[in-house]
Every structure is written in structure tokens, then in C-alpha cells.
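What follows is a pair of complexes built around chain A, which joins chain B in one and chain C in the other.
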Partner chain A sequence: MPERRRPQLNVHVQGWLLALPAVVLLAAFTHVPAVATVIDSFFSTPHGRRPAAFVGLDQYRTMMADPIFRLALKNNLLYALITVPVSIGLALAMALWVKGSIQGRTALRLAFFTPTILPMVAAANIWLFFYTPDYGLLNQVLRALGFSSVNWLGSPATALPALMALTIWKEAGFFMVFFLAALQQVSPVLYEAARMENASGWLVFRRITWPLVMPTTLFVAINALINAFRVVDQVIAMTGGGPNNATTLLLYYVFQVAFNFWDSAYAAALSTVLLLVLAIVAFLQFFLLDRKIHYR
Partner chain B sequence: MNILTRLTIAATLAVTALGASDASATDITFYYPIAVGGPITKVVDDYVAEFSKTHPDITVKPVYTGSYQDSIVKAMTAAKAGNAPDVAVLLSTDMFTLIDDELIEPYDAIAKSESDQAWIKSFYPAFMENSQADGHTWGIPFQRSTIVQYWNKDAFKAAGLDPEKPPANWDEMVAFGKKLTKRDASGAVTQWGLEIPSSGFPYWLFQALTTQNGAILANQDGTKVAYNDPKVVEALQFFADLSQKHEVMPKGVIDWGTTPKDFFEGKTAMMWTTTGNLTNVRSNAKFAFGVAALPSKVRGGSPTGGGNIYIFKSGDKARQAAALEFARFLSTPERAADWGIATGYVATRPDAWQTDAMKKYVSGFASAAVARDQLKEAVAELSTHDNQRVTKALNDALQAVLTGVKPAKPALDEAQAEATRILARYQP
Partner chain C sequence: MISVDVRSVTKTWGETLAVDDVSFAVRKGDLVVLLGPSGCGKSTMLRLIAGLEEPAAGSIEIEGRDVRGLTGSARGVAMVFQSYALFPHLDVADNITFGLSVRGIPRQEMARRLDKIAALLGLEALLRRKPAQLSGGQQQRVALGRALIAEAPVCLLDEPLSNLDAQLRQELRREIRALQQRLGITMIYVTHDQTEAMSMADRVILMRAGRIEQNGTPADLYERPATLFTARFVGAAPMSLLDLDDGPSGAVVAGTTGPALFLGSGRGRVLGLRPEDVTVDIANRPGRFHVAVTAVEYLGAEALVTCMIGERPIMARTRGGSAPAVGATVGLVWDASAGHVFDAASGARLAIETGAGPLSTRLHTTANQGSTRA
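This part shows the complex of A and B:
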């Protein structure tokens, strides 16, 4: 009996040892900081000789009364609500277009994918020059058409849409690749049958293509939504959250509170809320959409 | 198991090797940011090399830490991890943040000899305003600036103005601006009269307007602000009127970074920006340009800006003494002059302007002395406890008014209420 139990124990130890590097990395860089963040959010920010004190839900009460937090949340929801569907729609349209056998298909695919290759900060800097008042590309086009110059990033009404445009431009090409792969998985037999039934193009899309790429759509939607709440690079590079917080998004506000205001406890509370929002989004999508998805 | 044991031993050895250091010389770390163009790291490396020649017992490790914002983040996080730099150049306005976290040592606590005391008194008083609080001196001016106006002499000539005469007061600025603003047949503007940037840190440029209107935004101890003082409201109304009523300046927020480019491209005939841009303008403007002190209203004036040298608490007397020695070395008249010529910053002490190198530089390029001459009217840059939060309240108000979202008075009342709330716990 003892001879039989020893190897059994070893298997467990071995298993854990094999998993150890991954467990250590995940714990050290994801789980421990996440838990520590939640704990920190119930304390005050330590300063000099004043150590952190337990303040209960004070940070969350401050947050509820904080107009910039509410604005950041609103901006972020708007940002997600617009960039996610638009970039998915665009990605699907582009994928449908470059799927067929048209002239210069490879070049077209490459062109659509190029924005994805650029680092966000580089892309933001390019777009910064598109948006520059007077001599920026966009304004030169407007002028040639007889309109007056618009201060895209300098007016509260246009600054956030300007950032959204950059995001859509950058993400659509990336998502297109997923749709392209999904479209190639759809059996041509279905399309042949549809053609024999003389179904219209729209009917084919609605009844065949759309349901069959649904798993990809869900995957892309979750990614896009998470990305929408993780936006920070282009805000820092292009507007710094201005004018008057018009482009302040949640993560950027967390960054500002943590590293400009040095209020680490409040930043922890904000991060906790951000974490919660993302968790809710992910769960909702999995549970609500899961049922409507056609898996083969 | 065998491999694991070996790995453990190797790791232990590595840690021991990294942890051990040479204790014979005093090692100090020096953090510095770069905020202007040019081969600045080389200049700093040369200073350090020169220092180690005359001080063989001290080893300085210079660390380039990025922008001002990156630098304060690095210094604060390093300090919180118990690994603070010994000396660092950080924004003069970061002073209260550093004091409140008890990270820096006041100079008067370590610089006690008579020559040390004389050294602390040798800088322009306008710069020292952002170095002193609660009766202590916390920073020594290193790379400091003021705001100046640049004007395009060719554009002045084309508009029928005297190219040698920049606006001396607000009324002239508006009048000149109207003449300089050119529109094409469709009414679209092809050249603006003036640009005062308002992105990022609009409070700094706005502070020039409030100073000229006779207001002071914060007290010396950084515990009170006067955002809704009637003179401040008036100054903000004027700032907004420049674009909304007089139409001599573009509407909305004007980007700090592209303002010099707008000037080079002839999109604006006048601009306000830091004297630190002087070398940049000199090498990029394809037309004759002038540099002058800012126009006045009830008085002239500009806030100062830029970075100070701070000495961090380390609890180690030898390292603090070495840090002080290095700070003194960086701020001798000769080095202050050299640094000013290399970067465009204002040399921080009067005797630096008496050095041969500086005299020669100014005689060939008179614009270099404009910022210095403006110093007698300069005021401390807005700086308080919880500084970035208190200034953000003002920044938000400014941008709201400049973009036409709110009128000046209620916006500043709100900013004042927010700042008062934040500063409540710092009241004596």
C-alpha cells in the first residue's frame, strides 16, 4: 500500500510544480494586485507619516459625488456604445467585400489591416495632424469644399467623436480578419442552396451569413467592449482628457487620480468599479447572447 | 530536484552579487527630465563627468527620467519603494506634493555653513518664490522659464504696423490682433492675430493674464487660492473675448504643442509661449521675428515655470552632503550660464549674466535677455498642496469658458468651491 500511495502523491506535486510558473506569474501580476486594489479602496491614501486608515465606503461615497467620475463613466459608455457596433459592422462589411474574388484582393486586405499594425501612440500622432486646425488634412479638405475650419480636438462637441473615429479606424481592420476566417468556415453548400431558391442577397446574409458568424461576432464584441473600457493611450497622446473633461474616459481618470493626484486609495476604488463594469459586461454577454448563438 | 537545488543556489548567488556594492565612495543617484529640444543628455553627462573629476570621493549616477510628469512618477514610486533618488530635478510646483509625502529635505537643514547660506540667497527672488514654504527652502532653481510673446515682423509690416513695436498693453494687443487677422473671400481666416495656448496646462498662460490684471492666484504657503477674485473673472472674460468677441484668436482649445508650428507656418502673427522655445523659434522661423515681455494691463508680468533641484531624504548624512555638493556644483554662475545658453532657460542667478560666456551670447542675440528682464515683474507659478488636483479645477473652468460651455463667473465660482474643498484639510 505505501508503495502505491507515494507515486500518487508525486503526481500531484509534479502537477503543481508544472503549473507553478504560470500560477506564480498570474498570482503576482493579476490576482494579488486585483485583490489588493479592492482592499486598498476601503482605506485612505497614506501620506508621509500619516499611514493608511480604514475609511469603509468613504471612497465610494466620494465617487458618487464626483462629477468628473460620472462624466468619465458617461463618456465611456457613449464611447463603447458607438465604437463597438460601428467597428463590428464595418469589419463585417469589409470582410464580405474582400472575401469575394475581386481584383487586387490581397492589396485590399492588407490596406484594411495596416492600421492594426501601427502602435496606438503612433496612430494617435498621425491623427493629431489630421485634426490640427487650419492646416490639418481634415481641415484642408473641408476648406477645399468651401467649409470653415473646425477645431476638432479643441471643442467639447467634436473631441470625443474624433477619438472614436480613430478607434474605429484602428479596430475595424483587426476584427475583419476574424470575420474573414469565420466566413471561410461557412459551407458553400448553403449558399448554393440559397441561389437555387433564388433568395435575395439580404435574405442570404440575414438567414445564412449572420447566424453562422455569430460566435465570431460575440467574440469580437466582447473584445471590442473590453477595449473600449481600456482606452488610455490615445487620450494621453491627443487630448489629455480635455477640453474640460470632454474626453476623460474611466481608465484615463484612474491614471490621473493615481499618478497626477497621488490619491492611490481613490484610484483603487475607481479601478474596482472599472473591474466590476467589465465583469458585468462579460457575464451579460455570455449569458444573454449564448442562447441565440448557433453552434455547429 | 537536482536541477531545482542548483537553480536555488544560482538565484541566491545572483541576489547576493547584486546586493553587494562598493562602500568606499559615496554613491548618489540623480534624476533629471528633459522638456526642451537639443542634445541635453550629453550636456548633463558632461557636467557629471566634470563633477567626478573634482570630487573623486563621490560617484553620481545620472538617470534620465523622461518628461516632468514621468520624472515625478518615477521619483515618487521609487521613494515609496524605499529607493528614492538622492537628487532630482522636478517641477517647482511639485514642492508641496513632495513636502506632504515627507520625501524631501529642506536645504536649510543640511546647508548650514556661511557659504551655503550665501549660496541659497544668490538666486533671483522671483524663482525662489516657488522654492520656499513654511519658512524653509525646499528647492534650488535649475531650469526655469517665463512666458514671453513672439511676433512675426513680416506680418506686422504687411498689416501696416511698426514691425519693431510689439503690443505693450491689452488694448494694443486686441487692436494689433484685429489688423493682423486676415480672412479670405469666403470669410475663413487665413492668419490669426494671436494664439495663447490652452491645452494641457492652461492655468500657466492664464496666470500671466491674472498677474497683469493685478491678481495673485495662491498664497505663499499653498493653502488658499483666489480663483473667483473679480480681477481673475475679468482676466478670464478677456481671455475668452479674444476669440469669441474680438475674433483675433482661434476658438476652442488651442494646442500647446502646435502653437509654435502655427507661428512658423504663418497661421498666427503673435504667440505666447515659454522662453524655453526660443532656440526652437530661432532655428525654424523663416521670417524676421521679435521676442518681448508680455503686454500689461494694470501691471506687466508672467508666472515663472520650470524645474528645481530637490534633495531627497535618505537618512544617510554622507549621501545628503554629497547631494548638496552636487546641487551647488550644478548651480554655480558659470554652469547656470552654460545651461541657459544650451537650452534657452533663464540663467537662475544675476551673477551668471556677468560671466563672459553669457555676455558674449547676449551681445549676439539680445532676445535671450528678454525673459531675464521680465523677472522683476514675475510671480510664483500657481502651486498649492495637492497641487495637480487644485490646478485641474482651474484648468477645467478655463477650458469650459474658452469653449463657450460656461460663462466666466459661475465657472470660476465652481473651481473655487472645488479648490477650497480639496484644501480644507491643509488649513492651519
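This part shows the complex of A and C:
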């Protein structure tokens, strides 16, 4: 008796079926909301019985005139400009340090990584204690040295730098792990070849180590930059955007507009701008920097 | 004139002795091969000369200068690494001139020397390529170029050809040797491949367990191996080693009753014979070992015929076309002076002239008698 062939599903249909769960999740929680946000930004916020009406670019015109938005954007750019390079530099320095065969290497690695394990809000609470006026750790040290107490989170000049310090402290340990992995990928014989030429430590770093960890640096930089524009936890936990909006960052402002002022359409417009900023950042890094980087 | 002088150098890794009181001298313009099985200390010896490791005891002089505490270019040595150690992010030109740029050589001078080296190694068309875009042989040339451009008096090579296929290896072997002779540089070359050592070297230093087993010309090592180890290690087809025993009229091959090979005791001694010294004789004449052929390895122009004498295999080399069939009974004969006798326990060569005894003359074939010193 001839074997009956089971009906075969088209191979493409099969493939799509396999990908379906992931596609549904990704679409439902990422792509659809993103597109909906962009669409919402062209409408007014619905209130009670008044439905949303198409207002074109009105929300964006409001934004251009909004001093708090401009301040949040400026704060955020400054925040990214300082935390990204500093945390990368620190991460690389720590990685270079713990790569060598020093005593207590494992303990050092663990110590550097600990901040990463802490939830951001917990870390924020610890730092809140450091920054507390009068009896906070930093102020106790300052007073012991004969300086007057500083209200770190309370004065506009120091609030944003105080938040940056926390971010750098928390991110550097995480990025160090990536650099450590990258450094261990570099063949030790390359360093021996450099040693044969009596190249100095700085020259070896500049001409061998740095170019060879460049792919990792790019990866870490993109992540750090995206993180810099996604900061919200420590702002909520430590300053609430104050004093006088000195620590208001873009995402925190979006959060405020959407859930404190309930102006969802304006929040949608702000989110669209945020998305655009991130898209431009990613585009610049991938397409302009990429050509100068050596991948193995 | 001596270019590299190694004096009683010792290097330990924790408890183990990697290099154990080694001394040798390399003449200027010579190519010396450090040969030995893996783990014999030859690579460590090379790294000691390069200055990548410092000896625990002893001293190294290069061009008449004690080089303790100096590394690489400061000692006047350049090195080619086994894995080439090319910088993957730099192109060929930058790889070759890396050392010059470290030393701050002016750009013009660098370009002039790069042109010269590129022409010498046939790399002109590849200068702007990255190492990943090169074949293994080309990468090898770049590594060689990087070592040669410094014009250091001594060039060290650590198994430079081991990652290449057999044909390319042979080609580069000739090329490196020709280059070395043309430029008149001193080369110290590490390999575990005895063919490489024999075909390239002015002198071969055979190492074993951190010590020098024998230091001599390739012909010395091949024709007068000082120990059993050398006898086994050197030669494309291994030397056949036959345990000897006491016979009624002299030493005999263990497990046989004769014929006697030389006067005196055979117990505790080993007879070594190169396959090319053993002749296979089809005719059934007396005074020969009559044995059965157990294996034939056909190599084209020649064939290696393996037979068993007692419990030991013996190899004979014949013309490829005239090798006997497996299972055939043949007579084996050799010129008595071709034998090497070693002490089985110490492995040392014994000064026993296998061709001198009155009995041994009986063993000679008529064909071989011309060369016998009877």
C-alpha cells in the first residue's frame, strides 16, 4: 500500500508561524505603541466627552516655545556628553587594571561589578545618604576638612552633576565587563611583538589595545548614550526634577507631562522627539563610525 | 666571529627546569636550528635570546655585548612568531614599519626601507591589505618583513612554517635560507621538523628535556648521532634499532643465533642502521639475514621495506620499482661499517668499529666490499 503523504504546510507559512509569538510580542509592546505615539502627537489630548482632534504640528509648535522642554533637552545633552565618555574611560581603565595578574584580582572585579547588581532606586537611596545636607557622608568629609556644608541635590549648580556621578558609578562597572572580555580576546602574542620593538605602554595602548577594543567601545557607547536619554529612575528617586527643573531630563519630562499633567498628546509629541534623537544617535554611530573600526 | 653566545643558561618555570645549563655559540651569518620534540625547551631558549624571558642563571651575549635586562630591538634581535603576531587592524605596510615608527624613524627613511623589503619579499601589491585578506604564506612573508626591516644583526624564528601546507613550507624554506644567505644575517630557527632542520641549517642543536643532546652540522647528526635519541629523531625514515645479545663468536641480533656482527659482548647494546645502508637481496646466498617482508611503503622513486629480525623491525630502502612483495623471503645485508652501536642503558654512542672485526668481513656482500675498511 503506498504511503499516504501528509499534507505539507508551505515552508514560508511554517517559518512565520514559528516566528509568530516573538512577532506578536514585539509588535504589541514596541512597534504598535511607537507608531501610535507618532500618530497621537498630531492630535489634541481627549478630555471627557471631547474626543481627540487633528491639530497637525501644533504640539510641536508648543514644544518649540516650551522653556522647560528646551531646558530638559539641554540638561539631557549635557548629561550624555559627560556621563558617556567618563563612564567609558573609567570602565576601560578598570578593565586594564583588573586584567593584569595582580593580587586579589577576583575581589577587585567583583567590587567593580557590584554597583551593576544594585537596582537603580536602591543605589539612588544610598547616594541620597551621601548627598544629604549637614549629616550626609560627603558633607561630613567636607566639614572635617574645614569647608562649609553643600546642599548637593538642593542647589541648581550641583544637582545635575550629583546625578551624573551616580550614573557613572553605576554604569562603569557594567561596561568594564565588556571591556574585560574584549581585552581578553586580544592575542597576548601581539603584545609580545610590541615588546620586541620596545614600544612604551602608552604607545601599545594607543596603537594596539585601543583600536582592537574599538568595536566594544562603539557597542558600549551606543548603550550608554541610549541609557543617558532613558534616565528616569534616579530623577524620581532623588530630585523629582528639581530644583527649578535643574535635573529635569527628557524622559522625566515626558513622564511628568503624561502622568502628572495628563496631557497625553503633548507627551506623545515629546516622545517622538526623543525617539528621533535616539534614531539619529544610532544612525551616526553605526554608519559614520563603523568605517573606521576594525572588526575581526 | 661569534654573534650569539649563550653561556650556562638555566630557566625554571616554578619547579620544572625548562632550560637546564645550556651553552652554545652561533657564528655570524650562520643559520642555526634549535631542533627537538615539543616541550624540550627550544622555544623557551629562543624567548630567552629574544629577551622576552630572563634566565634564572647564566648569561647571553649578542654581538659581543651582555644583553641582560634588554628586550628585542634593544638587543639587536628581531623575531618572527609562530602565529605571525600581525596586528589585525593595521595594513601590511603599517605592520612592517611598526617597529620603525615606534623608534621614530623619519617618514622618508621608513618608506625607502619599506620599498626595499616589499621588493625583497614580493609584497609590493599587498601593502594596503589587512592581514585577514592575506593567505597563510603571505602573512608569513609579512611577519618576515617586519623582522627584517629593522636590519637587526640577529633574526629569531619560532616555528615559522608550522601553520602552512607541505608544499608552501618547502618553498618558503628555500626562500628563507636564500634570503638569510643573501643578507648575511644570523638566524636562529626553532622547529620540531627534522627535515626543515637538516635542509636549512649550518648547524643543528638538538634539544631534549631542557638540555642539548647534540650540537653539530646536519651531516654530523645524521652520520654520527651521539646518542640513541639523536639517532631516532634525525632522518626522514627512522633509524632501525636492533637489540644485541652475546653470540658464540661475537655480538648477534637478540633472538637470533647469528651471524656475528662484531667481536665482543652484545648484551646491553643496540645496533642502529639507516634504511639506505641496508640492501635487500633476493638471491638466497649465505651470510645474510633471511627474513620475511612484513610491510612495504612505496614512495615513488624508492620504497621502504620493513622486515622483522627477531622481535625488532628493520627497514631497508630499495628502488621503488624493485621492492619485494609483502610476505616474500629476502636476504638482508649491510656494509658492516655502516652500523652505529649505542649503549642501551645510557643511550651513548659506543666507539665500536663494526667493520673492523675479522668475523664481520664474512658478512659483506661483494657489492659493498669496496667501501669496507677491513
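The criterion applied here is as follows: the second predicted complex is superposed on the first by the 287 of 296 C-alpha atoms of A that agree within 3 Å, B and C clash if a C-alpha of one lies under 4 Å from a C-alpha of the other, contacts with A are read in each partner's own complex, and residues count from 1 in each chain.
In the analysis below, a contact is a pair of C-beta atoms (placed from the backbone, for glycine too) under 8 Å apart; a residue touches a chain by one contact, two chains touch by 3 or more.
What you see is a predicted model, and the numbers here were worked out from it, not measured in a lab.
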When chain B and chain C are modelled together on chain A, clash or fit: fit
Touching partner for A:N260 - first (chain B), second (chain C), both, neither: first
Partner chain in contact with A:T106 - chain B first, chain C second, else both or neither: neither
Which superposed partner A:S187 touches (first chain B, second chain C, both, neither): second
Partner chain(s) touched by A:G242 [first = chain B, second = chain C, both, neither]: first
First, second, both or neither for A:I208, with chain B first and chain C second: second
Centroid geometry (CA): angle chain B/chain A/chain C, rounded to a multiple of 10 degrees: 150
Superposition-derived comparison: chain B or chain C, residues of chain A touched: B
First, second, both or neither for A:R195, with chain B first and chain C second: second
Least C-alpha distance (whole Å) that remains between chain C and chain B when both complexes are overlaid: 50
Doubly contacted residues of chain A, that is, touched by chain B and again by chain C: none
Sites on chain A touched by chain C in the complex: 187, 189-190, 192-199, 203, 207-208, 211-212, 214, 294, 296
For the chain B and chain A complex, residues of the former touching the latter: 69, 73, 76, 97, 100-103, 186-189, 198-200, 250-255, 258, 262, 265, 267, 386, 388-389, 392, 395-397, 399-400, 402-403, 405
Residues of chain C that touch chain A when the two form their complex: 50, 52, 71-74, 77-79, 81, 83, 85, 87-90, 98-99, 102-103, 130, 132, 146, 150
Residues of chain A defined as touching chain B within the complex: 47-49, 68, 132-135, 143, 146, 148-149, 151, 153-156, 239-240, 242-245, 256, 259-263
